[in-house]
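In this document, chain identifiers A, B, C and D correspond to the written order of the chains, with residue numbering beginning at 1 in each.
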């Protein structure tokens, strides 16, 4: 019997990492339907329906490309479709994942220019504006921002980034990673003038990993015509051509698409506005629990609080990883680990995707018991603080 | 899309009625394997394995009969296999389900003699002893006790009932309903000298409803030879004959048997002693929450506290059913209703089956929020009291 | 890994016994949704929908009772709800299952009067008429007929039985077993004046075993008022009362009901007329294969050919059971065995339920290969004869 | 209700395209387990087990890289990890997919040199040898061969290609596409000295699409050190580093990995030798059916017959696509279409993956009925010819 078929303990595992998230039964059941002919007549109808619904989730009228790939692949697609070797890109290193994207850019022979933060807030909009203003030669071809830094729980203000770019009258493309924000935190591809939005299936979209996305503006499509980075698998053009009739240029991830169909319908049935409000409310409840414990939220700027996850700092001299191990062992819950400079210093609570008040309360209760079991100094009452907030803000 | 395919709200439904309980994924996945030939060679091997494992759950060396039927059917089987029209049976009316069993006995032309309680404790062992002592003619052919009254959350002491029968040197059969206790609360068919144990699939056995059980003593088998109530579907004899080789005399509930196979293996992997300890611990945590709210547990005798559910009294002038409706609507959790004389006076929290600390904390958090939303007078802090207890007793 | 989780061989098992039948994926997926609260508000809506759709399958305007039980239980329900100890019942022993029903009647203290056949045709309508005409005292309280004898593949003409009863102006109830005909062979509860129709889930209804049914006429309901056989689990009256609002008097087989909901919708989407025509066509193709092999169909009267299964006689000196064992071992297909006097003399091909032309052709091809492997004398070309017929009658 | 949740017709869809293939229930059930933490301790153990078992399927001692991507991605990975812009590659254009791989090479700024065939046989080994012999400057860096051309049903002899390269003493890498042959047709990564083997999940591996693979030789790993094509997502090095402990450098396709775990276990339980023999036998049975129909197999060289699919030519003046549409509509079976120059001229029968004799017979029966329904000239008796062959070669 394989590991995934047996539980570590009685009851349901709490998968409270900031993605993959808890996949709803409706999505799992959609996914385990028999694989169909991806060139047959039924498939095209399914493809068209998914593609149409998906646009609404990205809040765009334009095309959304679906890759059978992890989110990392969609990062690569965003870069290789729009840029040429040696192009300068302005990248905001807001955390671990922003750093990985930048490393990818280097490997793809781009020339990143960095704007760093202390990993406790979102992108520095003023610094972006300044860098662009300085770039009068328009050497910078793209600005890359991670909307929600999964490693820190800080959300960048994409609307403000856009405004800064507009203020600088700079023609660079705006590429935004929404892997851990899409379908969890309000995000508007069209309204915010984003050129390429990068997303993945395993977070707010409530699917297993294995699909990723590029929403693409007309400006980005135009850039693709002259972009010189070699590309084939990630090339938007054959994708968009085949998508016209609901098909794909190579074999799509059929069963994950079934799940995507179900997941997107669930989001639209709930209503995106309600989805975002639910995430905001759960995030606030989580922060109240953290404060009640006397612990510190990693994100230091309330304007940048993430609604999809909360990274929590453990007191000096204590190990976040040992805490997580204790919680997994005793309470059958997975929490996210600290990454890069935050290794062992924070644990991350995912409260995105298909989650209810009761699951969140169970999550916070489990953390509180874990803090006690692991001997991490704290005050009791975090879960109760969350209950009080949630009850008062139903 | 059918009702069962869509959630009332984001996240997983909390099914915290005292049965059916939350069916583990491993059991659901076992159940949805293709139906097999119940007369083919593979089936016999499966049947023998299930029957052997099942005996361990009932703590018996003797046979356990499996019916494709609800628990109500196993009640009927216990009576019709052992008794004759006009037979007197001593029945302890400890609550709603005990009353239903007694009504069934009347319909089957038996003559129940009642021992009542105030529905706030288990069976009155002294009264049983007295009734038997008085029955010097041995007119009473069976004593019927519900081990765990699902309507009240009171557990009767079967060991003491046995002792009372022995003290009275009375030859009556002992028939025990363990529908909401088996695989949740320690129960020993052989050691306690029970003649027929009645059980169902949808509680501690963690299955959907649809299977029920009779564990049968040698004395009960002997009684079956002369019992005159007409019977066919429920007849033990062709069952036991066919079970010898792992088969059944009529078509068994194949896919539910797959689930039973998985469920019984899960219980044995966890270890029955651990299963019982887990239920005891969750029950104590629940009662602490109830007390912290300032509410009253229906069971008035701590020796009879149930480890599989807790019935909670709502203050006079408040409606338990409205509270449950609010909780279902706002928090996507089902709780058990009050039955019979307890209608609208109690709500029942199921904490049996496949349940973790975190799910229990979520459950209690949801109730606390519901009490507030429904305007039921209470003190905050119930979930927190449970967390404190659970953390201190891991 | 349990037996049901591993295949005997590559590819999908062919379950071509005359029930349980191949359960469609849509039904299996419905069934593995989480168990819901059977007393909650959503359940009642589901119950009402299922009960309404189910009536259409029985072609009745009256109630259909659903039991969490095998078909054998619905036999018992039909008898105990309508009859009293000592009542005479006229039973047509058309095969093994009719004989089992008669044995049950005896165990329930009824007095069956038999009309035998040679097991190669349906019920003898003339003999029924004669027996009723002779019974001027109206001692016979019920006529029991198996619509489709699963052991022989002979279908009785219920319309003619009804006509014979009418001709004799006899007031007996008409009880009909449709376990292996409902939703496969045209059957009209109302139009044919049937009083109780007995059915099960695991044949034409395409479900696993575990649910069974009684469709009930007004006359049968009236008879239930004075019937004296003790009954409780099977009692129609509390069922019908609870069904009014979509609920059940005791815990229903929730997950099997999910499957029933899906299965009945599939039948109605296909259209009952199309379902029956499909079964007729598959049956004719199968008989053509049998004749091409030079083997003999057990049913000797073409007016009684069954459209849900075909029993095939093996030549003298050869073993049908060995043939079946060879086919299971080499070709991963289950066929039905001979029962009672037909033990080892026939094998039975189930062609009912969710079956396509291609699955039927595979079935017949497997039998042809098995005949050869087992050394049973036959001519090649059976599968081809079926293909020729099916292609010409698409 | 989505398209994938409803059947086009009663019975199970026959997915007889040459991939995706029919996914076994055991694999689908593995896949619908809850997604787990891909950085948690259980995941590493699962990863190591899968990676070890997978090597056996590729018949290699070396590493196998798993991508969350379609097979097309693994093509790209093979090229970008080993080659530099402007490198010459010798590519055998044996059919549509070989042509697509060559187009990809061009887009990735490689310089393919072509060896064409008439699409009715495998790679021209003599021409490969001659081209390499002529390339004394060793300008050619890689020889790219498609082991089994899915568009034509012709299998190239990789052992002979290897021999020709050895005879020419040419240092080029050997890159082989086994997308439609792995786990269906004997293939030996190590013994045949292949440097990169490209494979996908949705054919012989019996999974849905969404995973693809590179098996990598030491020589290929060395080439990766100096290869200059930009790469990040496809880069072997971080993959192999993370795989050491069973993890992945970016989020893996968790649920597809569950399915892979199950699928690889099924293959090893059956035994690769038996898997190959089963495919050979089914392929021969299929060709016999084709000949019996009087139709022509696209593959003109028996040494190159494919054991995973058979492409069949339709007579002049008839449309293969119309035939396929008729078969889909009337018989609920999907067949593969003609691609490129074979568009509408051939239909392709997939007989790979999880398939039994009976499913193959049903497949061939459906085609025969389709030929008749579509008015394609043919002789009856194809399915029967297959039955005769299969029965004689069990």
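Throughout what follows, a contact is a pair of C-beta atoms (placed from the backbone, for glycine too) under 8 Å apart; a residue touches a chain by one contact, two chains touch by 3 or more.
Computed from a predicted model, the values in this text were never measured in an experiment.
S.K.: Touching chain C and chain D alike: which chains?
M.R.: A, B
S.K.: Let me spell it out: compute each chain's centre from its C-alpha atoms, then which one is farthest from chain B's centre?
M.R.: When every chain centre is compared against chain B, the largest gap points to D.
S.K.: Does A-D or A-C have the larger number of C-beta pairs in contact?
M.R.: Most contacts of the two pairs: A-D.
S.K.: Just the number, please: Cα centre separation of chain A and chain C in whole Å.
M.R.: Chain centroid spacing, chain A to chain C, equals 54 Å.
S.K.: If you average the CA atoms of chain A and of chain D, how many Å lie between those two points?
M.R.: About 34 Å separates the centre of chain A from that of chain D.
S.K.: Could you list which residues of chain D touch at least two other chains?
M.R.: 5, 12, 22, 25, 29, 32-34
S.K.: So in the complex, the part of chain C that touches chain D is made up of which residues?
M.R.: 5-7, 9-12, 14, 22, 24-26, 29, 269-270, 275, 278, 330-333, 354-363, 365-366, 368-369, 372-373, 380-381, 383-384, 386-388, 390-391, 394
S.K.: If we count contacts the way the header does, which residues on chain B are in touch with chain D in the complex?
M.R.: Of all residues in chain B, those touching chain D are 1, 25, 29, 32-34.
S.K.: Under the stated contact criterion, what part of chain C meets chain B in this complex?
M.R.: Where chain C meets chain B, its residues are 2-5, 8, 12-13, 15, 17, 19-23, 28-43, 45-46, 49, 67-73, 76, 85, 104, 107-109, 200, 202, 208-210, 229-233, 235, 250-256, 258, 261-262, 328, 334, 337.
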